[in-house]
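Take a look at these structures.
Next, two complexes with chain A in common: one pairs it with chain B, the other with chain C.
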Partner chain A sequence: MLMISPRMASGMQEKQYTPSLLSFFIYNPTFGPREGEEEKKILFYHPSDVEKNEKIRNVGLCEAIVQFTRTFCPTKPAKSLHTQKNRQFFFEPEDNFWIVMVVRNPMVEKPNKDGKPPTIEYQEDEILDTVYGAVVRQCYSMYKLFNGTFGRAMEAGGVDLLTQKLEKFFYRYLQTLHLQSCDLLDVFGGISFFPLDKMTYLKIQSFVNRVEESLSLIKYTAFLYNDQLIWSGLEQDDMRILYKYLTTSLFPRHSEPELAGRDSPLRPEVAGNLLHYGRFLTGPTNLKDPEAKFRFPKIFVSAEDGYEELHLIVYKAMSAAACFMISASVELTRDFCEQLDALVGPQLTLLASDICEQFTINRRISGPEKEPQFKFIYFNHMNLAEKSTIHMRKTASVCLTSVHPDLMKILGDINCDFARVDEDEEIIVKAMTDYWVVGKKSDQRELYVILNQKNANLIEVNEEVKRLCATQFNNIFFLD
Partner chain B sequence: MDVEGQRPMVSWENSTLAPVDRLRCERADSPTPGLVEGTEPGAVHQSAMFVHTQSFEDLTAEAEEAQREAELDQTDECTQELKALVVGEKTIEEQHNNSDISSESRAKEEDVSSEAWRSHRKHVFVLSEAGKPIYTRYGTEEALSSTMGVMMALVSFVEAEKNIIRSIQADGCKVVFLTKSPLVLVGVSRTCQSDKELLRELQYIYYQIVSLLTLTQLNHIFQHKQNYDLRRLLAGSEYLTDNLLLRLDRDPGLLLSAVTCLPLASSARDVVSSSLQTAKAKNLVFSILLAGDRLVTLVRKKDQYLHHIDLHLVFNLVGSSSSFREGEGWTPICLPKFNTAGFFHAHISYLEPASELCLILVSTDREDFFNMSDCKQRFVERLSKRSAYQAMKEALKCPSYSVEQVGIPELRHFLYKSKSSGLYTSPEFPHLYQSDEEQERLMGLYQDLHSHLHHPTRPLRSFYRCSQTENLLAWVTSGFELYLCFSPLGTKALAVSAVNKLLKWIRKEEDRLFILSPLTY
Partner chain C sequence: MSEEHYLELSENPVQFEHASSVNNVFFDEANKQVFAVRSGGATGVVVKGPDDKSSVAFRMDDKGEVKCIKFSIGNKILAVQRTSKSVDFINFIPDYPHTEFTQECKTKNASVLGFCWTNWNEIVFITDQGIEFYQVFPDKRSLKLLKSQSINVNWYQYCPETAVILLSTTVQGNVLQPFTFRNGTMSKMSKFEIELPVVPKPAKLSLSERDIAMATIYGQLYVMYLKHHSRTANSPSAEVVLYHLPREGTCKKSHVLKLNTTGKFALNVVDNLVVVHHQSSQTSLIFDIKLKDPDCAVNTHQPVLPARSIHPYRIPLSGPAVVPSQPPVPCQLSSKSHIKQVSIWTKTAQISKLLYADAVWSGWFPGYLWYLQVKLPPTVNLLQDKGKLMDFLLRRRDCKMVILSVCSQILDGGDKGSLPVVATVFDKLNQVYKEYLEAEQTYTAAMESGASRGSAAQKRPIRTQAVIDQSDMYTHVLSAFTERKGVSHKFTIAVLMEYIRSLNQFQITVQHYLYELVIKTLVAHNLFYMLHQFLQYHVLSDSKPLACLLLSLESTYPPAHQLSLDMLKRLSTANDEIVEVLLSKQQVLGALRFIRSVGGHDNVSARKFLDAALQTGDQMLFYTVFRSFQQRNQRLRGSPAFNPGEHCEEHVVHFKQLFGEQALMKPSTV
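For the complex of A and B:
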C-alpha cells in the first residue's frame, strides 16, 4: 500500500510505503532430504510465479536459520529473522511443518535530482515481532478451522492432497491479510463481548436451549449481537478463531444488504415471509429457490479425541446472529433448513429488537457520551475478553484506529515488556508528542490507556487512570 | 528542551489523524520543569572536553568514518604502519606476560557442545569475512570454527540478496550480527537487552580490536591475504576484550556514553588541571589523570577532542593490566573515534607505586617516550608542592558517595548524565545490589530504560515502571538524562518530588562531582 507522506507538500515527492507481504511459504524439510530433491520440501509458495531456484534458496535460508539457532537454544526455535529490507517470521505448528511469512519493512522513497534512481530508506524499527508472529499463527488457525491439521490431509491423501488444500485455502486467504493495519489487537486475538443485563441474557440462553432441544442435530451454538459475542458453546480457542472469521470475513461480506434499506434491489427477497428478518449467511441464500443447494462450510473444532468436523450454519436477523454447528456426518436437507428458518427466524427477530431496545435504554441511563480524555484497550487472558475504544469498527479490509500509529506501537512495546515477566507490573510513559501511555498488568488482565492530557504530571495521570479503573473495570487493578 | 518534539503531533480530540500544529509553549513541563541545554547541573562552563555525543546514536554514524577511510586510501602509509604494528605486537605481548590475567585463567577449555557453554548469558564472536575465527568469549576459537563458518555463511547469503542480516530472534535468546568490514561480529544473548543495545556493545568490541591494530592495518592485512589468521596478531590481547565485555555489563558509563569523575573540591581539581596544563610538550595531545575508573582531570590540545569511546578504551587498557604499575609504560594505541588510521603513543604510569592515580600522556610521536617521561616528572614535581595533592589523596579514600547522602527516602540508586559535558554521576551500588549478579540485574534495568527512551523511531520523554522488585523512573531532556531506582514502596508522588530534590542536590554538589572548567594546553 502506498501512502503519500505529508512532507510531499514541500515540493519533493517523497513516497512512503507501508509494510507489505513479500512471500509466504510452507515447507517440510523431511520431504526432500536429498540433494536435488529440495523442491519436494516446498508445499506452498506465494507468490507462485517465483522461480524454482529462488524458492529453494529462500527455504534453504530458513532451514539454516532454524538449524543455526538450535546451536544456542536447542529447545526454543527461531521465531524471526530481521534484515535490512524485511522480516521473516517462522512458525512450526506441527512437527516439521514450517510456515514462513516474509514482510517487507516500511520504506521511504526519496527522489534524487538529475534523473538518478530514487534513494530507498528502509524503516527497520517499525514492525513489531509480536504482532506479525501472531498473524502467522492466526493464518494457521484459520486453515485448521476449515481444513483440520496438516497431518489430517497427509493421512487422507498424502502430500498431493495437502498441497491442493494449502493452495486452495491460502490463495484466497492471503489476499485478505492487511499487514499495514495489524496491531496489538492481533496479538491478543480476543473476543469482544456484548454487555447485557441479566434478563436479556437469560432470554438468549433460553432461546439457545429451546432451539437445541427442538433441533437435536445441533451440537454447538454461538450467539452474537452487533459483531460481539454473547453466548458460545465452543471451546475458547475454537471460538476465538471462529469469531475472527465471522467478524472480519463473513459478516462484513453480508452487511451491505441490511444497510441498503428495504426497497433497494440489493436487499435479498425476504422469501415472501414478512414475519421475520431471518436469513442464512452460509448455505442457501433463498430457501424458496428450487435450485437452492444445502451445502454449508465445514469447520474443525477440538474434541476429546482430537478434532471433530462440523457444518457451520450462520443465521442472522437484523443485528443478531446465531451459529449452529452440526456434525458433518449428517447430511443437511431442505427440510431441516426450512424447519430451522421457521423456528429461529421469528424468535431471533424478536430477540434482536429486544436487545436493541435494552441497549438503547442502558446507553441513555449512562448519560450522553462526551468525548473522554482517554482511550483504552483491555484484554483478559482468562476469558479472551477484549475491549477497545481506540479501534473504530474493524472490517475485513481495514482496521481504523483513532490514534497515531506510533502510539499504537508504543502500546505494543509495553505489551512486549509485560510478556517478559510473569509478575504484575505497571508502566507509564510520556511520548515525544506529549501523550501519556499507561500500561497495567494484573493477574492475567492487561489494560492500556492513552491520555490526551499533555500538561498533566505523573501523579495526575495516575489519578486519571485510577478513576477509569473504578468506573470501567470495578477496580480490578489493585497494583499501585 | 525545546529542540525536541519535532515529530508531527497528532490529536485524536476529533478522531482525526491530521497533524496539529501546536505552539511550543503549550508543551508540558512535567514531571518537573526542564533546563535548557548547557545549564543543567554538571554542564561545563567553557567548552566541553569531549566530542559532543548525544547518546549512542553517534555510534551508528558511519558517514564520517567512511570519509576518513577514503582519505586514508590516498596516502601511502604502509611502511610506517607495519613498523607501528611490530611495536604494537611486541608491547601487547609484553603486557600480556606481565599481566595477572593470563589466558589460562580464561574459561577457554569449555566443551562447546555442553549445556554450560550454551547457557552463558552473552556470547561474543569475532570472525573475518573469510569465516576465520578471531575471538570467542567462551570456549576456544578452534572448537568453534564450524559454528563461525555457519555465521559467515548466513551473513554472505543474505548479502548476496543485496540485503543485510541484522538479527535472529528466538524465545529468550537472540543473535545479533554486525558487519564491519573486514570483520564480522556476532552476539548471542539471553538477556532482555534490545538489538540496539547489543549492537552498541559489539561496536565497542570492534573498536577495541581497531585500537590495537588500526583499521588501515586491518584492511591492509585482509586485502593482502583474505585467509589471514588475525589471532596471530591479537594473541595475548584477548583479556582486553574479555574485560571490556565485563565493563559493558557493569559500568554505567559505557551505557550512558559518558564518564564519571572522582568527587573532588573544584579548587583542588583546578590546581591539578593547571599543573597538568603547564607540563606540556610539542607532541602531547591529551593528558589524562585517572583514579581507578574515575576521571580526575583531562587536559587536551586546543581543537582536539577525545571521544568517550576512545576514553573508555583507554580506561579498559589501563584497568585490565597491572604491568603499568611496575614502571613507565609506553604503548601504541589507536583511538578509533579520533582516527582509525594511525597510532598514538601513550605514556602510562602511576603517580605513586601503590596509588590509584594513573597518568596517561598521549603523544603523536613514537619516539617521544623521554619527553613524556619528562612531562610527568614536571607535573609530579609541581603538584607535590601544592596542598591540592593532599586533597586529592584524601578524596581517593572515598571515591564515591552513598545514596543516603542525597536524603531521599526509598531511593536506592540513580544515574545522572549531563549531556553537554558528557559526564555522569552516580552513587555507589547500595547493599542490595552488591553482588555481581544483582549489580548486573540493576544494570539490565537501566539498559532497558535507556533503550526505551532512546528508541530509534519512538523515543520517549519519560518512562516509569512499577514492579514487584523496584520502581524505576527515567527522564530525558535536552540537557540531561536521569535514571532513578526506588524501592517498590516508593510512590509516584515520591518519584516526582525526588526528581526535583535530586536535581537541586546535584546542582549544589556539581563543583565536586563534575569537571566544570576543563583546560587546554
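For the complex of A and C:
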C-alpha cells in the first residue's frame, strides 16, 4: 500500500511502502518426517501459486530456525526472525502445528536522477514483534472460533479435512488482514465497553434474562450497542475473539438499513412489520421468504470439557445488537426464528431507543469538559476494557488513527518495556516531532497519553497527565 | 374445595342470650355492642362488646318495652327509648346521680324514629319530621338543644365512624339528605338522588332502607345502593351502586359492582372490600373498588374472585349442655334476606335473625355475634393473574406473610415465562415500599425543620403490612430461594437481578446483603466474569463490606483485587484500607505514594511502612522508605529522628547495621 510520507523531500518524490503480507503458512513437521515427503508437512500455504519446492524450502527453513533456537531455550523457541527485507513470525498454537507469517518490512523508494532505478531503503526497525505476533495469534483464534482446534479437524477427518478447512477459512480471512494498520490495539485485543448508567444496564439484564427464559434453547447471550459491548454471557476469552469478529467483520458488512432511504434496496422488507426494526444479521435475511434458509454460522467456545459448538444468531435493531448462542446439536427452524423475531424485535427496538436517549442525556449532563483534549489509549488486562481517543471508528477495511505512525510505534515500544517487568512503571518520552508521549502502568492497567505541548517541560507534562487521570479515570484505583 | 373459602367467621364470637319473649336483643353498630334486655331491664341488661372491656351488666327499672338502647361513646351515658315521644338517660359516670332523666322531642306531633350518639355527650334524635341535635349534661341531668332541622323523614341510617346521618326524604324516598356532626356542630351536606330503576306511578315510597347502607372504604364514605334486577328496566342482573359522599362537595355515583345474578343479597364491608352475600346460592362475592378491571368500563367492577361460600363454622363447644360432635355449620342466608338483616340457615334447621353491621357478621343464631373476616391464603390460588393478585393483596390488612408466600410460590413454580411475572410482582411491592420510604423521609424532614416552629404535628406514616422491605424479601423469600437445589443458576441470578433492577427503578438504596447474595450465587457457580461485568457497571453499589468480600475472593479470582481497590478508591473514605491492601501485597512504595497523594502522609504510622519494607527483604526499598520518613520528621518537627511513641527503634538499629551511622539523615542546623 502506498502512503505519502509526511517527511517527503521537496521536489523529489519519495514513495513509502507500508508493511505487507508476503506469505502465510501452516505446517506440522510430524506429518512428513521422511525425506521426499516434506510436502505432506504443509497444511496451508499462501500465496498458493508459489512453486512447490520453494514452499518446502521456506517451511524447512522455519523448522530449522525453531529447532535451532530451541537448543538455547527449550521452553521458549524463537518467536520471530528479523531480516533486512522481511520479518517472520512463528507461532505454535497446538502441539507441532506451526503458523508462520512473513511480513515485508516497510520501505522507502527514493527516485534517482538520470533514469537510474530507484534506491530502495528497508526500514527494518519500524515494525513491532508484539503487534504482528498478536496478529498471528488472532488469526489462529479466529480460525478456532469458527472451526474448533486443528486437532478437532484431525480427529474428525484427518489431514484432508484439516487442509480443506484451513483453505476455506484462510483464503478469505487473509484478504481482510490489513497489516499496515495494525498497532498497539492488536496487541491488547481489547473490548470497548459502552458506557451506561446502572438503570439502563439493569434493563438490558432483564431483557437478556427474559429472552433466555422464554427461549430456553439459548445458552449464552451477548449484548452490544454501537459496536461496543455491554453484556457477555460468554467467558472473557471467547468474547474477546467474538467481539473482534463482530466489530471488524460482521457489523461493518451490514450498514444501517434504518438509516437508508425508504426506497433504498438496503431497507429490509418491513411490510406489515412496522412494529420493530429487528433483523437477523446472520441466518435468514427475510423471514417471509418461503425459500429462506435457517442456517447460522457455527462457533466454538470453551466449555468445562473442552469446547462446545454453537449456532451464532446475531440480531440487530437500530444500534443495539444481541448475539444469541444455541447448542449446535439443535436444528434451528423457521418456527424458532419467527418466535425469536416476534419476541426480541419489539423489545430490542424499545431498548435501543432507551439506550440512545439515556446516552444523550448522560452526555449532556457530563458536558463538554469531559470531551478529552488528550489523545490516549487505555487498556485494562483484567477485563480487557480498552478505550482509545486515537482511533477513529473501525471499518471493515482500515483502522484509522489520528496520530502519526511514528507515535504509534513509540506507544508500542513503551508497551514492550512494560511487558518486561511486573512492577508499576511510568515512562515519559519526548518524540522527535515535539510530542510528549507518556506511558503509565498501574497494577493491570496501562495508559498511553500523547500530548501536543512542545514547550512543556517534564514536570508540566507529569502534572497534565495527573489531571487527565483525575478527570477521566477518577473512579478507578490508578497509582500516581 | 375447603381450601377455597376466602371468607370466614371470627374465632371468638360474642355470645349472648338469644331473643325470646322475655329477652329483647339490640345491636348498636357504633360501639358494636349487643344488649340483652330481660323483662324490660328489671331482671337485668347484659351488654357484650367485641372485647371484655366493653361488656357491662346492670339492672334498670322496667318502664315499658324498650325500643332502642345504646351507650354513648365510652359507655358514659345510656340512652333508652321506650316511647315514640321521648328518650330516657341514665348516667354511667361514677359519682354522678344515677336517677334516670328524660328528654322529649321538641317537634310537636313528631314521633322519634330513633337516636344516635355522635359523641360521649352528644346525641341526635331522628323523628319523622326532622332531626334534633342535643348536648347532654349528665351532672345537671338535662339536655340542651344545639340545633334542629325540620324535614320529612321516611327512615334514616347512621355511619358511626364518620358521624354522618343519612335521611330518606320525599315521597319516593330516593332523595337522601346527609348530615354530619362534629364537636357540637351539625352541618348539612348536599343532598342527592338515587336513580330508581322504575319510577312508580302514583308516587310511593320506593327506596327501602334495606337497600341502602353506608360504609367507609379506603377512608372515604360511600353510600351503597343495592339495585335489584328489574324486568321493566331491562337490567339483566342486580348491581351495587356506590355513591361517593365527600366531606365537601356533591355526592357522585362512583362505582358499579356487577353481581351477575339476581335474587336476595346482603352486604358487608371488610378490609375495604365490599362483600356481597347471595342468598339462593349461599355464596359470597367480594369487590375491590381500587382494582382496575381492564375488561370493564371505568369504575365498573366484576367480582375479584369466583363466588364461594363462607367457611363452615364450628360452634365453640362449651359446657356440658352442648351437643357433642356437632358438625361444622355451613353459613347460609335465609329466604328473608335483605340488606340489613341477614339470617343464617343452619343444619339444625334453626332460622335466626342476624344483624348486619360494618365488618360485623352478627347472628342471633343461638346467640352469637361474629366478625366476618377475609382469609387471604385461599385467594392466592383463585386469582391466576399474579399482578392483579398483588394489587389485591397489597391493599389488605394482614397481607405480609401471604404476599411473601406468593413470591416464594412464583419462584418455586419454575414455570416458563415467569420472569415477567416476577418483575411485575417486584415492581408492585417496591412501589408500595417506596411510597412508605418517601412518606417516612418527608416526616423526618418535617420533624427536624418544623419541630421548632411548632407547626401542626405531622402524623408519622403508618407502616402497614403491605410494606415489604428488602429484609423481608431476603429473610422469607430470596435467601431460601438461592439455596434451593434443582433451580437453574441462570434463573436464580435472573431473579436476584430483577429484584435489584426493581429497587433501582424506584430509587431505593439496595441493601448490602442482597449484593452479597448475588456474589455468593455467582461465586458458587464460578461465574466470575459475570460478577466482574456487574461490578464494572456499578450494578453492585460500592461499600466497604462489599470491597472486603471482593478482597477475600482474590485467591480464586485474581481480578477481584483490582475491583476491590477501585471500589475502596471510589468510596474515598477507605484510604486506610487501601494502604493495608497495598502493604499486604508488599507494594510499599505504591502505598507510600498513595498516602501522599491523598494528603495523609503526615499522620500515618511510620512503623507500619517500615515493617512492610523490612519484610520484603529489599534493602534499597527499606532505605528509601526509611529516608522518606526521616524527611517527613524533619519537615514536621525539624528533626529527622523518630519520636519514641512511633516505636521505630529497631528499624533505626537495622538501618545503621545495613548502611552505617553516617547514612542517617543529620538534623539540619538552621
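To be clear about the criterion, the second predicted complex is superposed on the first by the 450 of 480 C-alpha atoms of A that agree within 3 Å, B and C clash if a C-alpha of one lies under 4 Å from a C-alpha of the other, contacts with A are read in each partner's own complex, and residues count from 1 in each chain.
Here, a contact is a pair of C-beta atoms (placed from the backbone, for glycine too) under 8 Å apart; a residue touches a chain by one contact, two chains touch by 3 or more.
The structure displayed is predicted, hence computed values, not measured ones.
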Overlay on chain A: chain C relative to chain B, clash or fit: fit
Touched partner set for A:M199, first chain B, second chain C, both or neither: second
First (chain B), second (chain C), both or neither touched by A:N209: second
First, second, both or neither for A:M382, with chain B first and chain C second: second
First (chain B), second (chain C), both or neither touched by A:D424: both
Greater chain A contact set [chain C / chain B]: B
Chain B versus chain C as contact partner of A:W231, first or second or both or neither: second
Partner chain in contact with A:K76 - chain B first, chain C second, else both or neither: first
Touching partner for A:Q444 - first (chain B), second (chain C), both, neither: second
Partner chain in contact with A:E291 - chain B first, chain C second, else both or neither: neither
Minimal inter-chain CA distance - chain C and chain B, angstrom: 6
Shared chain A surface residues [contacts with chain B and with chain C]: 424, 479-480
Complex contact set, residues of chain A against chain C: 193, 196, 198-199, 201-203, 205-206, 209-210, 212-214, 216, 230-233, 235-236, 380, 382-383, 385, 424, 443-445, 475-477, 479-480
Interfacial residue positions of chain B with respect to chain A in the complex: 4-5, 7-13, 15, 17, 19, 26-28, 30-31, 118, 123, 147, 150-151, 153-154, 157-158, 163-173, 175, 188, 192, 195, 448, 452, 455-468, 491-493, 495-496
Chain A to chain B touching residues, read off their complex: 6, 61, 64-65, 68-69, 71-74, 76-86, 123-126, 129, 371, 375, 392, 402-404, 406, 409-410, 413, 417, 420-421, 423-434, 452, 454-459, 462, 479-480
Residues of chain C that touch chain A when the two form their complex: 416-420, 423, 490-491, 493-494, 497-498, 500-501, 504-505, 529-530, 532-533, 536-539, 559, 561-563, 565-566, 568-570, 578, 587, 590, 593-594, 597
